[in-house]
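Same chain, two partners: chain A is paired with chain B first, then with chain C.
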Partner chain A sequence: MSTTLTPPEADVGARDRAIAEDKAADSRAKRAKLVHYYGMPLFLLVVTIALLLYIQGSELDSIETRALATDVQLDRLQQHLLLTGVSTFFVLLLAIPLGIAATRPRVRRYAPIVIGLGNAGQAIPSLGALALLFFLFRTIDWLPSTGTIPVVVSLIAYSFLPILRNTMVGLDQVDANVLEAGRGMGMSNRLVLRRLELPLAVPVILAGVRTALVLNVGTAALAFLFGGGGLGETIQAGFQLNRRPVLIFGAVSVAILALLVDYLAGLVEEFMTPRGL
Partner chain B sequence: MTDQTNDAKQYDKETAIGGDAQVGETMIELRELTKRYPGEETPAVDRVSMEIPKGEIVVFVGPSGCGKTTTLKMINRIIEPTSGSIIIDGEDVTNIDPNHLRRRIGYVIQQIGLFPHITIEGNVGTVPRLLGWDKDRTNARIDELLDIVGLDPSVYRSRYPKELSGGQRQRVGVARALAADPPVLLMDEPFGAIDPITRTRLQNEFLRLQEELQKTIAFVTHDIDEAIKMGDRIAILKEQSHIAQFATPEEILTNPADEFVEDFVGTGATLKRLKLTRVRDIEVVDDALIGRLDEPREDLQKRLNESEWTAMLLLDKDNKPARWLRAPDFRHDRPAAELGLPARAMVEKQATLSDALEEMLVGSAGVAIVVDGRGAFEGILDVDSIITSIQTMRDADAEFYRAAKLIDPADEVA
Partner chain C sequence: MAFLEYLSSPSVQRTILVQSLEHIRIVGYAMLFAIIIGLFLGIAAHRFPPFRGPILSVTSTFLTIPSLALFALMIPIVGIGDRGPIVALTLYALLAIVRNTVSGLFSVDNAVVESAAGMGMSKTMRLWRIELPNAWPVMLAGIRVSTLLTVGIAAIAALVGGSGLGQLIFSGIRRIGSPGALNALLGGTLAIVVLAMLFDLLYLAIGRLTIPRGIRD
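Let's turn to the complex of A and B:
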């Protein structure tokens, strides 16, 4: 039997390689982080510039020029953001407290029914849902049939269920042992909710909010059905006038807005998720 | 610790005979405590009555589903009893505000339930903050507790639970339960989800801690070995939390109340008993044949030949056992210090018989040498004396229980 040990160089080589691999993994992680934070804005910037160049490069006739006038588009963007923002604000105000209430012990056994409804609501295509609401607003006399209010109400109704559902699921998935430990130490129900349940449900609730926001940006593009304005008007105009640059501008700008909102909501989500999770 | 417990256990036996003499005060009393879960026909816990003395660890042990957890959780009313009452330190707490009750009772569960989004310091400081302690006091207490459970505060205070190992988390769980120095602790399988080695270490640490703290502890486990190790008293529970036997570990091992207890304790009862008895509790041979390393060979040989012993133990100048010599060893022409076999298998007096037996089996001489703390010779322990002492203990216990039965007035009524 040989008594010599493995030559030390071989060992050192393996070690060096392992260290190099760790370093590589480190810089990969750093790069991933850079992409994570700067990738999307950069991409959106590129798409926006490309869109503007495309419009600039096309020979626009007078109709197209009027439809794509900067002040008109900025107006529509503002309307679009307002519709999305206001409806999301109200939906948070209504759906989150309801989700909390629906998971309290006394009514908890009905929670699966609500979650089921939420899932079903999600499955209805937005155009269908809006058409239904549109019909409703038209047939009921005392309801306004056009303008901002029907749009906002429709958006609330449509994004209500996902947020309600996520609030409930978020609260539901909190580790029961954590809650029992809290109660076992003498925390009141209110304290358990505030200090344990809500912080631990935040990631799921925010994921719901993010989904709802993006949905609302997309669905608000249908606001033109009620004469509610927004970037959907441009798409509509593109169809009606049969002008391709107008159509493309409308569609791409809605897409850019949706992606931007998703990105920003993602940042908020990350920022608000408690450390340690 | 063992001295104390042994005394306490001794005392119990006397009170069992005397009937009405009081062993210390009762800290927790359960009166006819019952829990029927909604929609269930039979109660999960049926009229349990029990008194837990101040400063003792009482272990609830029994098969799965017998109602241990339910019984325990009724004490801090995490589960509200259907009927019956709970008296803690003389106060009926069955109807007081449960949140106030719980701040006075430490609570440790198997899953630990650390708050994952809160740092270790925040976790440990939960109850002090609920009680409105000021910042400085809370902070000082957090450091003290982390020290007590063996976690360096400067390292661990600001970590999050997921940044700790399983054993460390369980320590934080214990520290958190002790935060406001509650007189009572409830522990539901606190060491259940930990690997065996860490579990043993945590058990030992906890017993050492308890020696200082003298808390009154209700402890749930399904492991009879853990019950024997941790319990000053053990309540063996049958279905619906009916108490099959409530007694010290010794009593349960030597005199199981019925077949159920016997089955539950299992066939290893005698082996388990060996873990409870210490070397100092039994008689060791102290007139063994002793020689000195520096004595002339001839003297040693002469004495060994003249004695009835087959071997002689040589001690060095500090009285520490050095070598075993037998008659045939003298055939070799070497100094005494190189004859025979080196002395191994040494145990101290506080070692358990189980430890001693293991040493004997490992050591070559078939006996264990009893030494004091400095390693100086005290006596010799052989397998026979262990077996004899077990026999004696069993006989004595049997006699004791016969006597207790004859005297106990409750028996006459029954």
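Let's turn to the complex of A and C:
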């Protein structure tokens, strides 16, 4: 009789194994979450400390000491952040409303043209596009021809098309059935936009913020070419003076800044996305 | 038009031709390395799920680092010249190749792979004869995206002592405010756009020649 029944030990064993597997999967998920949230900041912290130790540890000559002076670097960091922040703010202010307007039913058939232009624009090298835009804005009478303003305007114009394209593609992906259901419930076009389309497009808009920030933090590194300052200046100084510590400090600090901005924007994106999405 | 006059000068044509060839060389080497490494990483990420996350997040982290910074970082490691840009561009090109290799391999119908196993094919044979050919169109699309990306970014090489069409753009930037700047800027930028289009055509042809008729769409 007992032979026909499943031996109880085996059952217990299977259950224990299942529980153990569950726990293992749980701890794996927890570990993945820990790496997800703390991996990048920890990595950046280690890199920052290593960079500072390297600079502290190398014997700097007078040129390097001058190039790496703290107030000079802080100044450039501030310029870099200002270039990135201001250009991101304005490009979002322009591109997101325009992206919304360009996907309205009445003008929707022109949307593929804009998206196609955005795609084609990706083939233009950033260095050339930025330089041509800067050249163009310098010739406009009411804009100052030197200083930060033409550089910021060039940055805005450079990131405008990609952000506009992303917004439109994102809005395009909002489920048409949901909108149809809204209209079926008697909502007006405006109500559909406000109650359904915009909330559903929040992730798109947040992704746009992140993309714009990362794009601009990178192109701001080229601002020194046009007299806009920023941390690219340190890289350039290191290269031209042939001073390795200066070059490494400039390059690593730009990289850290970009990764940090991307990480923080990613966190914001994650926490501000509505729960249901 | 002044620009057409500029383009008709033989010395300008020579400069553009020479720098285009340099540009193609940099992109070519970078893509060669990126395809080999990306294919390997992509297959590894598909076969071994624990590696998938790390491989994808590391390759996408490369893409977040601004190009000037990554190019400059290569100088202390491999020296001044084209080697640094080639390594940096290889790193940039990896993500699209790895991602598309993984998703291409996942898109292969399981029943096809299983029937190959039923026919007695070994795991390696299945990979080379069944899985990779079926994943190839998606992989090729990734390689194409990567190439277009690197053709554009390769212009930055000129800022850190490398060659290629970036030199022409850079010479234009240094002359901004004096005559001739616009010609150099336009010449360099348009030549890169033309190169990107030529690479696109090349991939179209490669696709035609290498994608088996049965899975072409």
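Basically, the second predicted complex is superposed on the first by the 266 of 277 C-alpha atoms of A that agree within 3 Å, B and C clash if a C-alpha of one lies under 4 Å from a C-alpha of the other, contacts with A are read in each partner's own complex, and residues count from 1 in each chain.
Note that contacts are C-beta pairs under 8 Å (C-beta built on N, C-alpha and C of every residue); 3 or more make two chains touch, one makes a residue touch a chain.
Remember, predicted model here, so these are calculated numbers, not experimental data.
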item	value
Partner chain in contact with A:274 - chain B first, chain C second, else both or neither	first
Chain B versus chain C as contact partner of A:232, first or second or both or neither	second
Chain B versus chain C as contact partner of A:128, first or second or both or neither	second
Which superposed partner A:57 touches (first chain B, second chain C, both, neither)	neither
Which superposed partner A:175 touches (first chain B, second chain C, both, neither)	first
Which of chain B and chain C A:187 touches, first, second, both or neither	first
Touching partner for A:32 - first (chain B), second (chain C), both, neither	second
Partner with the higher number of touched chain A residues, chain C or chain B	C
Which superposed partner A:251 touches (first chain B, second chain C, both, neither)	second
Chain A partner contacts - residues on chain C that touch it in the complex	53, 61, 64-70, 72-73, 75-76, 148, 151-156, 158-161, 166, 169-170, 172-173, 176-177, 181-182, 185-186, 188-189, 192-193, 196-197
Chain B-touching residues of chain A, taken from the complex the two chains share	175, 177-188, 191, 195-196, 199-200, 274-277
Residue ranges of chain B touching chain A (in the complex, touch as defined)	76, 78, 98-103, 107, 109, 111-119, 126-127, 130, 160-162, 176, 186
Residues of chain A defined as touching chain C within the complex	32, 122-129, 131-132, 134-135, 138, 214, 217-219, 221-222, 225-226, 232, 235-236, 238-239, 244, 247-248, 250-252, 254-255, 258-259, 262
